[in-house]
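Chain naming follows the written order as A, B, C, D, E and F, and within any one chain the residues start at number 1.
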């Protein structure tokens, strides 16, 4: 496998972006600018469309109209973004470290070896446990480790702190701060308070 | 269906309770007393065993040792507790109100009709939508409505506010306050701050 | 009682709504029956002689393969945990599910069987005996099947496990079912096979809800 | 390439670890073959004459029914979404999965076929031809099957839908597979059937990863 | 009506089958169309 | 809230935009239905009163007037679906998937009718309702494919996603149908010597051809009419779903 070059300094710009499910428009006319090194927090009540917007930015849903541009991204150099949804992609019967190695394989490995990443998120001791036995919060920590093993400049995180304890929330904030300091970009949907430097906030409409 | 009498004023007492998974002891020698009208908040880091303790109290897992007593409960009068776990029991293709009616059917219906309960949790308008279309937080609200349609004096809630927005967290607090005021009892595992009157807190050990 | 009806109603709603699981199962039954001639040749006499067996095997497979939807989705989304704390016994939940399974997985097959009978060159009287034996025998398959599904639901992935656990148990149903149609020993044999079949169905239906409920309770904790 | 191998390794690990899915599938194959005598009677000559067909049908069903585990668990737990953002194309993910599926769902059946051949009273030469035709034909089944699984993966519950969609498309495989064993038209026919079979397998294996990747990408968004 | 010869029953069955089938098909499509339009009307959609 | 990302409207796009399409085809339905009925009455009159019995098959030849049109439509409808599938995949045309969805049950129905009339014809001529002959067998498989497509459509909640997936399957099916036909022919000739009586003699007297053609047109027009009606229903159903969701979310309609 040719070790691909890590891409740097990507800016996100959207122009008149509308996203939604099927024909239902959930957010219209969004013109966002998120520069490398800064973050955008998505807030809003349940059902506002935060997850939908993240999926659209990740390219997993088609925008209903408008455009999304990642400036500075080199499409030749492979994918440049991580998306973490509500589901953890953790399969029982594979051990924690096997799971992480597999993710590194398919996403292209980076400089951080899996065991180091596990230590960083506080799962060092569970490395050889069946990943299906992890508690809700431990699985979420494993997902965070995925962000570390394959470095990518854009992180799209959907409620990264759900099911995490206080230490876990601090961990999320620390990881994000590191990422931003290294010139990364992050869009984070959350209901919790995550202390972030240089973070703008976008609140999506209220409609339960 | 003979309308069963709603049971009242149940106290929870455990004596030297130990719970865990398989042979792994997660919490030992717990002697709890929770009186009717009061609540116990379970806290602790990820993997501490909060969910396990709730399942044990609900009778879904066997205690490793010790005993659990619900004083004042009449086993003849049918089940007296609600347990809400991480999973929502929401099935696509049934509408929201059908789902709630089904729960009322199997749990024994109470005085609150399903539509009223839906209004209470803020899902009134989605009543005839396919329940699979609800967002993560909306599904959680639907679960809360289940607690209302079949009145039971003991509530065991596992992270009831996960995926809920600020309004949703207030809703959880309000529902719990109502429940306690009516002489109910609640044990709630949570990472969030839920403002509750007369609530004790039990913090389970740290072991990520 | 409202709980029992609630479960029954929900199961029927889910089977007939959009997903069209009933249509899928019927198609599976017909397709399994219809591909046999490709494998063993279209000789009419040969086909006619084994047609009852083919129809029974197709019904057997279709019913067993429909099992996975009996408890697994409920377990995955947490409904099974609700049943355990519901104001009704697990046995009556299972009984409601067995009835729903028969109505949605067996009855439609029986209604579709004339078509298979035609392309397999079955004659009229044999066909009617086949329908009768299916009517008498499928409740036993549904009941045994529910038991198998209950045993495997606690495993993280049941998949094909329930069918293969249950298949050996169901072999008597198959033997009497085919025996009731194409009796080697004459009409006497046939009617006694029918009787056995009915007895098996009754017994299985009476016992399996309790056995299945036990299996679920023990497996889940 | 490390991605391709990673997927392959993971699939094999999952199939062979604890769950024993491979064992389940083999048992299913054997059971389907073994219940046939119960359903059609123990006449040895009759059994021997239809034995190749039965083995092929059993393999056909076992492979189609193993499909559900190909993409669905990955979709349910979110791994499929990861694949879509991985540093490898979806087509190569599918190709790795097809190979893994063949290794875990077809090869074990072929290894188990002597047992079935024995209880179905098959003779030696026929058996060897059966093994050869299975070796040539099952890759086509795996490839078609992956396509069917990809079509249905976006569904909340696919269940039996993939098998019934794919079974009609696989009829040629069955026809040539059996035709290669028990040629009524003589050895000439048999070898042309083998050729057709190999051609089908090659074509299916070359095209299906792309078709399946299309179906997944479009179905998921 | 002319005499249909010795196989009349098959001819009649074929025609009856086809036309009953067509009747069911047409009936279902028209019913479906009506139902959807009625539901659209209850939602107050004016575009018909 | 009017998000309409239809590109520059060419005349074709304008005619084929769902709303427009509804508008300009609605007046066609009643006239089409009238012509279809007239053709059917005419065809039935020809079939029973104005055509002779065949010298070989006797009166059973009258079954041909319903058998051949339905058999022909069973293939034509699949071809139409395959073209629509291309429309969905290549041009992403919103009407193409509506047309694809409307056609599937119609095609299944015509195929089932072809099978039914075929077996009603087979009994008097061959003595059996069913024979595993190549053409009949491949029609049977075609029926399975149709029903599979119908089941697939029903299994999806989101019709837009369904459209593309079904389109891929339809096209793969279209590639496969000739292979199936070939293999089934190979198989049936292998097993059956040419003992099966074939009716498709090259020449047919005009007295048989007239009713055949009239019925042909009647069935084809019926298909067109039903297809249009079903497409209208489908367009409206999609609007209905959108409106219901929107109402549930509390937006103004």
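Everything that follows uses one rule, which is that contacts are C-beta pairs under 8 Å (C-beta built on N, C-alpha and C of every residue); 3 or more make two chains touch, one makes a residue touch a chain.
All values reported here derive from a predicted model rather than from experimental measurement.
Identification of common neighbours of chain D and chain E yields F. Annotation: the chain C:chain D pair of sequence copies touches via predominantly the same residues, more than half of the used numbers being shared. Farthest from chain D, judged by the mean position of CA atoms in each chain, is B. C-beta contact counts were set side by side for A-F and C-F; C-F has more. The distance from the centre of chain A to the centre of chain E, each centre being the mean of the chain's C-alpha atoms, comes to 54 Å.
Between the Cα centres of chain B and chain F there is a gap of 54 Å.
Once the centre of each chain is set as its mean CA position, chain B and chain C turn out to be 37 Å apart.
For chain E, the set of residues touching two or more other chains is empty. Residue positions of chain B touching 2 or more other chains: 86, 92-93, 132-133. Counting partners per residue, chain C has 18-19, 24, 27, 31, 38, 41, 73, 156 as the residues that reach two or more other chains. For chain D in complex with chain F, the touching residues are 147, 151-152, 154-156, 158, 161, 164-165, 167-169, 171-172, 175-176, 179, 183-185, 189, 196, 200, 211, 214-215, 218-221.
Residues 157, 244-245, 247-250 of chain F are the ones that touch chain B when the two sit in their complex. Against chain D, the residues of chain C that register as touching in their complex are 19, 21, 24-25, 27-28, 31-32, 35-36, 38-41, 46, 49-50, 52-54, 56-57, 60-61, 65-66, 68-69, 73, 155-157, 159-161, 163-164, 167-168, 171, 174-175, 178, 182, 184. Only residues 141, 144-145, 148, 151-152, 155-157, 161, 164-165, 168-169, 172-173, 176, 179-180, 182-184, 186-187, 190-191 of chain F touch chain D when the two sit together in their complex.
Those residues of chain A lying in contact with chain D across their complex are 1, 4, 58-62, 78-79, 81-83, 85-91, 93-94, 98, 101-103, 105-109, 150.
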